[in-house]
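You will see chain A twice below: alongside chain B first, and alongside chain C after that.
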Partner chain A sequence: MTVRRMLTALGMTLLLALLLCPLYWMLLASLTPESRIFGAPALLPQDLVFDHYRALFAGRDFWTPIRNSLFVGGATTILSVGLGAPCAYVLARMPFRGRTLTLAVVLATSMFPQVSVVSPLYLLLREFGLINTYPGLVLPYLTFATPLTIWLLVAFFRQLPDAVEEAARMDGAGRLRTLWEIVLPLSWPGLASTAILTFLYCWNEFLFALSFTLGPERHTVPVAIALFRGQYQVPWGEILAAAVVASAPVAAIVLIAQRRIVAGLTAGAIKG
Partner chain B sequence: MTHDDRLAWVLALPALAVIALIALFPIVWTIWESLHLHDLRMPWRGHPFVGLANYAEAATSVRFWRAMAHTVLFTAATVVLEIAAGLLLALVMDRLSRGRDVVRTAILLPWAVPTVVVALVWRFLFESPSGPVDDSLVLLGVSSPITWFADATAAWVPLVLADVWKTTPFVALLLFAGLQTIDPSLYEAARIDGASPARQLTDITLPLLRPALVVAFIFRALDAFRVFDLIYVMTGGGPGTATEPIALLTFNALLQNLRFGFGAALSVIVFAVSFVFALACIRIVGRDALAERVP
Partner chain C sequence: MATITLEHVQKVYGSGPAAVHDVTLEIRHGELLVLVGPSGSGKSTVLRLIAGLDHPTSGRILLDGDDMTEVSPARRDLAMVFQSYALYPHKSVRDNLAFGLKVRGGDPAVIRTRVEQAAAALGIDALLDRKPAQLSGGQRQRVALGRAIVREPRAFLLDEPLSNLDPSLRLGTRTELALLHRRLGATMVYVTHDQEEAMTLGTRLAVMREGRLEQVGTPLDVYRRPANVFVATFFGSPAMNVWPCSCSQRAGVTRLAGAGLAFEVAVSESVRIDDATVLAGVRPSDVELAPPDTADGRGHVDVIEPLGATTVVHVGIDGASRQSVRVVVAADDGPAVGDRVGIRVRRNRVHLFDARTGAALTPTVSPWPVGPRR
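This part shows the complex of A and B:
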């Protein structure tokens, strides 16, 4: 029995090593001089070189896309949770006519292929002069963020026991006060999961950011990296350094909030 | 309308209005746009109604059908591999007595990393002529290195592998959550009756995991069908248009060629295929599988 358990653990370790190997390789290569970047594989770095990172921030001003991504992701998360929470509360805990239909519409919108709304959003943003602006990204991002937050929060609000709300109502609290003073504070783990997932989707989003920004001053991190070009050849060192920088916040969030993310993913079972 | 009804609508309305304005209205607009000629490069041609001409152009275009075929094959390959690998990973996780948190964190990393990063890292790993993958192949005795991104068929290998690597964790977590809902006493009873582990898998685990498998299948298939980021960054649809998926063809028609009418027709086709597929899935597998997901 113990032998079998040890074999399972060994197999799992090997599997994880295989799974994480590309990320480790990315980190290693980003610290290797360009001339040796395609060299023979080494498990441990020989000498760490931070040239690529220096070039990234000094030569290319990588701070700008980071700032853009943080701002757009943050604003979208705040707006969609602010809009979505009251709506989700209604859908989760107040029986009203049209509830099932509304839920179905919300679920359907969250599964829209993004590319199918690119053309009208582009024409709309162009009409209002919002191409290449922050609102011109936050608005399109709300198309996937709002249904996502509603869907996740409905799942979380449903998990609250009825007794909590009944007790509040017995004490004479109205619906709004119950929501504000009882339901929201008690659901903070769900709100946190939702906010984290929404921010991650915004941070990683590519198609809208590529379609609705024009210049490096408004590019988000994924677009900036994807459009990296060297003068004569692909600047792999800098690209991989940028990839590490783009992944670092995500990795930190995963390490800190692993439980919250899994709770959100399995509660909503939404998107990949 | 009761007081509660009114309050419900007041609370729900802002979010629903946003969804209607920036998600539902654009879909209707796309359909309308797809029936018109609208070429931003040739504004003098105006915006005339052309009926189904844009759809006819798509239907007679070889590039369109090839993009469709690429997308369907990519979806089929990745979904099958991801569900198989995800099931395996979930079963192993379920056997673990310790360290589940470590495993969960580790498998979440590929899922959480931006797709653009995944595309670049895997391109780097496969980049010829002496990338790490080719080095390993040489070690294994494959003498002539493959130029992965110059070959119309070989270019699919890094694409599919990268997608499987990134999204298997999501499938594994969904299936793992499904495994947790299976009553352990069922396995106990099966063991007492002398059922082999293989029997237990086919007769207990898989049938009871069906709802989770169905949900994973639908979400993965819909997601793979709209694949864009990965291919745009890794191969750009190339060599030539050999790996061009339908979303990339649509994007190019819109923002490279500025043909908004034709691009809108392609958008509507992508949307319609996804929609019909989702409806068909729900019809075929029955509502029961999704019912417990719908709050």
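This part shows the complex of A and C:
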């Protein structure tokens, strides 16, 4: 028994090391002077410098992509949860013909490869003059974020006990009032985990952001990092520093809300 | 306060068999009608149909003569107490009680007074600022009741309200419910699977099985004049003894013989059961132990179940079938396991049922006068 536990612990440690290695390297290199990044790799940090971070915010305007990412991700999250919650409630609670089909279609729309929809979306956005605008990113993001939130919230609403809503109906509350005053307050764990997942998808999204923005004033964090590369040189130090900055909120959110996210994901998995 | 009428109500879920089959029932103003039956008998479905949480497949539901079949629960103005209590977990007790009043709109000061009066009546006024999670099972049950009472609805629907309580709390709460019904004088429909709860609480009982109404009547009616074998064996503890008998009728006397027991009873002239097989039913309290030579049948004591004041004796009757007959005796003169005993049936307490349909052969031999309906 103890041997087995020790083996398990050893295996876990190795796996963890393997997964953390690139992240550690990223962090380490972002703190190493440019001249030494390609020298003999050192596992332990030597004379750390914050030059890359300074360059990131002083030399380049890295605040702008961060602000763009926060705004686009935040707006998408609020809209998709706001629109998705009532949809999901109807799909979870009210029997109507074609309910299963509707759910399947909702899921299917989020299954198209992004590459296949990027051209039509581009044409559409250009037609409406939305290229290189915030709505020009939020609207495309909603196409994959809303199905995700609907799917997760349907699973969540279904596991809420019927009786509480029935009690509200007996008390004379209509559907909307029941949703607003009874269901949503009880659903905040589900809403929170859905919002977090949606925000993370938006924060990490690259292809749409690259395709639908033109200038640095609208670039999101992943696009900005990708375009650091100059014609004659690749500023690896700054790229890695930016990568650390981009990963930090993700890591923070996941560590804080770990349980919630796992619950949200498995709820979707089981009920799906 | 209201009269609730169900007319030929039927409910079918999906393509399955009918959960409720052609139920016609009038629940009178101010009575406490108990819907009672085993699980899956459709009693909770009937309650949900009355509430409006489900709609019947066919038939009509009327409140004080108004057709409510397709009306939403909100507009029926009925209150329901759920088996799981279904309190609003994120609201305080005060807000749980007030929700129904707030939804209907009203002066906040009046709502506050009514909530506090209802809470005081149920002894939960000290808990008004707590959340449901901070309450015990019994307290939650009171909050659920309070939420119904505070609205002063036209009628109360109670779905197994005591089944989640500890046995020690259940009896006390049952008595309080009876008092509450008397104090409010309100129409109540009460669902339970517990025959004792049904007998003690009900003004009238509606006995259900497999979606059908088996019998409607006062508790004593149902106990003394069961409409069929199912009702006869469902009520009373220990359950009624039932065994098949062959009959022969001669000069106003009917001779019953079966399962090692033979005796004669007087059956009304109108019941023709000569040379037929019937089911005879006798409650364990209507059988007594007798010396073997004067008994209707003889056998050995198989099992003894002391209940304190009385003892239930299971007697295996001599004969091929070894029919077991339960006899209730005073605790002091109980026999021992293995004793040879005779048993004697109280002649005027024998129920006869059709062997094929199980329906009571009316008029049954009954010593009780048919009294006026309450």
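Here is the rule we use: the second predicted complex is superposed on the first by the 266 of 272 C-alpha atoms of A that agree within 3 Å, B and C clash if a C-alpha of one lies under 4 Å from a C-alpha of the other, contacts with A are read in each partner's own complex, and residues count from 1 in each chain.
One rule holds for everything that comes next: a contact is a pair of C-beta atoms (placed from the backbone, for glycine too) under 8 Å apart; a residue touches a chain by one contact, two chains touch by 3 or more.
In this text, all values refer to a predicted model and were calculated from it rather than measured experimentally.
After alignment on the shared chain A, the placement of chain B and chain C results in a side-by-side fit free of clashes.
Put simply, more of the residues of chain A are touched by B, taking chain B and chain C as the two choices. In the superposition on chain A, contact is made by A:L139 with chain B only, not with chain C. In the overlay built on the shared chain, the residue A:L23 is in contact with chain B alone; chain C does not reach it. Judged by the touch definition given at the top, the superposed model places A:I78 against neither chain B nor chain C.
In the overlay built on the shared chain, the residue A:L70 is in contact with neither chain B nor chain C. In the overlay built on the shared chain, the residue A:V49 is in contact with neither chain B nor chain C. In the superposition on chain A, A:P185 contacts chain C only, with no contact to chain B. When the two structures are aligned on the shared chain, A:L160 is found in touch with neither chain B nor chain C. Per the superposed model, the minimal spacing between any CA atom of chain B and any CA atom of chain C is 9 Å. When both complexes are aligned on chain A by C-alpha atoms, no chain A residue touches chain B in the first and chain C in the second.
By the touch criterion stated above, chain C contacts chain A in their complex at residues 51-53, 72-74, 77-80, 82-84, 86-90, 99-100, 103-104, 147, 151. Only residues 4-5, 7-9, 11-16, 18-19, 22-27, 29-30, 33, 89, 92-93, 95-97, 99, 101, 103-117, 119-122, 124-125, 127, 130-132, 135-136, 165, 167, 169-170, 173-174, 177, 215, 219-220, 222-226, 228-229, 232-233, 247, 250-251, 254-255, 260, 263-264, 267-268, 270-271, 274-275, 278, 293-295 of chain B touch chain A when the two sit together in their complex. For chain A in complex with chain C, the touching residues are 161, 163-164, 166-174, 177, 181-182, 185-186.
On chain A, the positions that touch chain B within their shared complex are 5, 8-9, 11-12, 15-16, 19-20, 22-23, 25-26, 29, 38, 40-41, 83-84, 86-87, 89-92, 94, 96-97, 102-103, 105-109, 111-124, 139-140, 142-143, 146-147, 150, 154-155, 158, 175-176, 179, 200, 203-204, 206-207, 210-211, 221-223, 225-226, 236, 239-240, 243, 246-247, 250-251, 253-255, 258-259, 261-262, 265-266, 269-272.
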